[in-house]
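Below: one structure, written as structure tokens.
In order of appearance the chains are A, B and C, and numbering begins at 1 in each one.
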Amino acid sequence: MLTETSTHRKTYYEELRDKGYTRRDFMKFCTLFAAYMGLQSTGAAQIADALKNTPRVPVIWLHFQECTCCSESFIRSSHPIVADIILDKLSLDYSETLMAAAGHQAEEVRAKTMKDHYGEYILCVEGSVPMGGDGEYCCIGGKSALNILEETAAGAKAIIAWGSCACNGCVQAAKPNPTQATPIHKIVKGKPIVKVPGCPPIGEVMAGTIVHIITFGTLPELDGTGRPKAFYSKRIHDSCYRRPYYDAGLFVETFDDENARRGYCLYKVGCKGPSTYNSCGIMKWNNGVSFPIQSGHGCFGCSEEKFWDNGPIYQRLPNFPGFGIETSADKVGMVALGVTAAGIAAHAVATNLRKHKMVDHLIDEGKQSDRDLKLD
Amino acid sequence: MSQRIVIDPITRIEGHLRIEAEIKDGKVIEAYSAGTMVRLLEEILKGRDPRDAWAFVGRVCGVCTTVHSLASVRSVEDALDIVIPPNAEMVRNIMFAVQNIQDHVIHFYHLHALDWVDVVSALKADPKKTSEIAQSISHWPKSSPGYFSDLQKRLTKFVESGQLGIFANGYWGHPAYKLPAEVNLIGVAHYLEALEWQKEIVKVHTVFGGKNPHPNYLVGGMACSISLDDVSGINAERLAYVQQLLLQAKTFVEQVYIPDLLAIASYYKDWGAIGGGLGNYLAYGDLPMNGYRDPLSYKFPGGAILNKDVSKVLPVDMRNDSEIQEFISRSWYEYAGGDDAGLHPWKGETKIKYTGPKPPYDFLNIEEKYSFLKTPRWKGHAMEVGPLARILVGYASGREDFKEVVDSALKTLDVPIDALFSTLGRTAARGLEAKLMTGWALEFYDQLIANIKNGDTRMANMEKFKPETWPAKAMGVGHTEAPRGALGHWIVIEDKKIANYQLVVPSTWNASPRDKDGNPSAYESALKGTPVADEKMPLEILRTIHSFDPCLACAVH
Amino acid sequence: MEATTVQSKPQVLRRVFVWQLPVRYYHWVNALCILVLTATGFIIGDPPALLSGKEAYANFWFGTTRFIHFVAAYIFLFNFLFRIYWGFVGNHFASWKNFIPTNKKFFQDMWRVIQVDIFMTKKEEEGAIGHNRLAGFIYFLTFIAFAIQCLTGFGLYAAMSDWWLPGLFTWVPTLFGGDFMLRQIHHWAMWFFILFTVVHVYLVFYHDYVEGRGELSSMAGGWKFIEEKYFNKKK
């Protein structure tokens, strides 16, 4: 059996040289990469520096309550492609989906990385942690997800929360959240956490996030909620190619109608693009082929907090809380308006009955003055 | 004296699977399969809009992404009596084929191959000889000595770096690895090529469903309108893109997957007699050519086979409440009518009641309840579902296309039909149906083009999309053939909301715990008798388990 | 002919200046903004179906609707801020003390107004000169609704603008758990304004009708008329 030797760890640069790339190739790569990350030309030198001096960063990738679509999305990345990421850029030491080892051999690998690279490894988490019960709703190797997360987070340099599961609990946290599925940032405190929400996130967004961390040795700049600004600072709506139809007030009324065939805006069939922050409209999916709206379906906000409970997918407005299906705020409002109008009418009638003396008094007084004027 | 070993986590699968096995005299004598993660989506769905269900259940699994969404929209369409336009049927068929083919290739190379291919041994291969072997089995162009030698260098550097990443701590050097170094090197090369290829084929989903994983579906059809005169819709460019991807898939399956499968299988023929298990097979069938309501037009016929008897295919009725039932006698749930009851999914219940050990634990209490999976049965029988079941049902139904691929594979490997009832048979069946589907996908494509040419550009039937058109109460069932086997979703709609929703999933059939009579399901049955040369490195158990392509997020949901 | 129908002596009314010009100015700007914001907001929330074969460049009505909404929103905000300021420097009737309950008496007075004007179980002798206590309190609630609408509205608008002012509101979406919830609250709040306006306009007519003090015109000219005897009593 082959085990790891802890010899000198190779840097990217050394590895590229070993693979037969020249220094020129290397600099070219750095320049392209700098452009991709939106850096100035001096950024290339910075990247070159980083790549020359960094050995492959160990990564532990944990799975809890999830559907593995985030891993699947990750392997769909086209730049960089995943074979290059896992062979050349980082050392994916633990990933239940891909690793060769199983059972206690797998757990040994995790323990070894945690010990040998304490404070250095990146922890990636896919899935939420069930806080219900005594931890029995998600166990691996007989240990609870909570136990494993806390143990593995302790020595992590930084944590990446992949996908909506790890960032906001996703579908299993939808009401009534029977297992008390909980996102990572509510459990792990005192560690830098990068949230990469989406169900799943775009493959290149995932790759771009991890490549940023290993290349620059720093976390990407995050927004107020912990998401990389590079990918989550714009609304789908502001980058949507159907936006001109929105402004023109030209909407799809039902799927596959004439307007749908003309590519009009999907707002009225429930598109949540106006309240969703993600890069689908710009980067698109699967190396730029399309994204939900381009393929005729509205965005349903899969990168937003609690999106499963943000109302039905095909309604612009959600059902008003407590009023059942197809009862939007507008229906409730109309009813309230009707009730108010009826109340006003009743009040007006009551006023004329109960206060007629007062009113009569005013009228009489007025009439009296009229008479006193003796205009005739 | 027997010895109990635990493999947890079972890796290179989807989800959290634990196997406990009793080993005696180098063989498994009893095995227990447990799913140890639960999300309770069936509870979460209650009270929601039936039109949204596909998105929720789609998230049951991102590996077999789309299959749950497909079963879901079909269950709602069944309940509400909606017939979708032929174009939508073809688009769904194409997406189905793409999903299954991609999933099978990933399974073969990334989840299963390392059970048969020794990565470390590939370092010793002779690139020239490797190239000769590769060229003798396939026309695939990437097979020059230089190609293999570059790869070998890259691999050597990788290993020498001391950071083995995903390859660390594998069972390398285990005596059960039998491939020559050169075939191992081909395996590694194609591991990497398949990793690149899989992200291409899924672009078909992106065209029609906007993304992958988790493309979008729609009750009543599909949301992607056909619009030949608009840049936004499905037009000639989009269609050409799809066609090209389907052709690429065909080439890859024919020139890489199938040759590798047969080459590797020829070194492991002994596995044609190991891991057979139940001998009962179930398929619902799918891929309609004349609408979902006409099962006779399905490319995959449905039916059941009992006791390996391929002379008879028995009819299956998903609506009959005495045929398909789920039991929880050995699962961490409770039923209102008692834990030994069997419930048809329309009346199914998902009430959790955990009685296992408190984590951390070393062993499960296998005498009692020991898994989050329910135990499905068909007329009381434990059934195996999956590619092998589909291939056998197609074969037993006398379908020529099935006969052709099966017979030719058996001939190439020089093994009898009985070899199919095994670990190797399961792995082979997956490749054979992938081959069938690459051909069918192009037929679906041609049919789609023909429809459009004939002036039918409808993609969705929206007549009954609005809840005010629905009856007060409706029940439906939707089925498909997921990569891992027969999948059914049962829905009950009341007051325009979901009153009950139950999924009976392929991996639930296969990976479930025993039933009330103590009879094992497919995994546990197949493991019985599997040899284990070294209990510390139970490679053989992984082989048989992986041959089912487990998905535990699916199985428990 | 002798006057026989009226028993008591005819009332002598005293003119009291209640609403300063800035308050009146504020009131009508505010009323207009709310009408415009509600109408445009309603359309933004549920645009009508217009079937047309037009390309997008030929049309911009929805964008225009939103533009009007945003213009009215700015005016609404500044007008509102001005009113808050005036609550500290304006006259007795404009003071914030009319709106925010600070003591028990405030609530007792409110209860009396409810008995008099809503249930009509009691007869009012004096009547209020400025806001009656109940009205004052309702306006306090409306001011809160204004604040909510400005917060949620500018919270949403922040993502569409480069200007620093909407930029001050970028923290709002996070507070409400994302833009989605924000839009919902913003939409629900619209109904408060619709209901308020209907009731408010009715009550203005009601007071004028039963009290005869020129309530309706007071928001134009600024003065009301009050009976001499109450005037003397209040003095």
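Everything that follows uses one rule, which is that a contact is a pair of C-beta atoms (placed from the backbone, for glycine too) under 8 Å apart; a residue touches a chain by one contact, two chains touch by 3 or more.
If you're wondering where the values come from, they're calculated on a predicted model, not measured in any experiment.
J.: With contacts counted as defined, which of the two, A-B or A-C, has more C-beta pairs across the interface?
T.: A-B
J.: Measuring from CA centroids, which chain ends up nearest the centre of the complete protein set?
T.: A
J.: Averaging only over C-alpha atoms, locate the centres of chain B and chain C and give their separation in whole Å.
T.: Centre separation, chain B to chain C: 63 Å.
J.: Distance-wise, how many Å sit between the C-alpha centres of chain A and chain B, to the nearest whole number?
T.: About 28 Å separates the centre of chain A from that of chain B.
J.: Determine the centre-to-centre distance between chain A and chain C, using the mean Cα coordinates as centres, and give it in whole Å.
T.: 39
J.: Hunt down the residues of chain A that sit against at least two other chains at once, touch-wise.
T.: Each of 262 in chain A touches at least two other chains.
J.: In their complex, what parts of chain C are in touch with chain A?
T.: 1, 3, 5-6, 10-11, 45-47, 49-54, 56-63, 65-66, 118, 120, 123, 159-160, 170-171, 174, 177-184, 187-188, 190-191, 194-195, 198-199, 202, 206, 209-210, 212
J.: Quick check: in the complex, which residue numbers of chain A touch chain B?
T.: By the definition above, chain A touches chain B via 1-10, 15, 18-19, 55-56, 58, 63-73, 75-78, 81-83, 86-87, 90-93, 95-109, 130, 133-145, 147, 170-172, 174-179, 181, 199-200, 203, 242, 254-257, 260-263, 280, 285-287, 289-297, 300, 302, 308, 312-314, 324-326.
J.: What residues of chain A sit close enough to touch chain C in their complex?
T.: 224-225, 235, 238, 244-251, 253, 258-259, 262, 267-268, 272, 274-277, 301, 304-307, 310-311, 316-318, 320, 329-330, 332-333, 336-337, 340-341, 344, 347-348, 350-351, 354-355, 358-359, 362, 364-365, 367-369, 371-372
J.: Hey, which residues of chain B end up touching chain A in the complex?
T.: Spelled out, the residues of chain B in touch with chain A are 6-16, 18, 36-41, 43-44, 48-49, 51-52, 55-56, 59-63, 65, 110-111, 114, 119-120, 153-154, 157-159, 161-173, 192, 195-196, 198-199, 202-203, 205-216, 218, 220-227, 230-233, 241, 352, 354, 356, 358-362, 457-460, 462, 465, 467-468, 495-497, 537-538, 542, 553.
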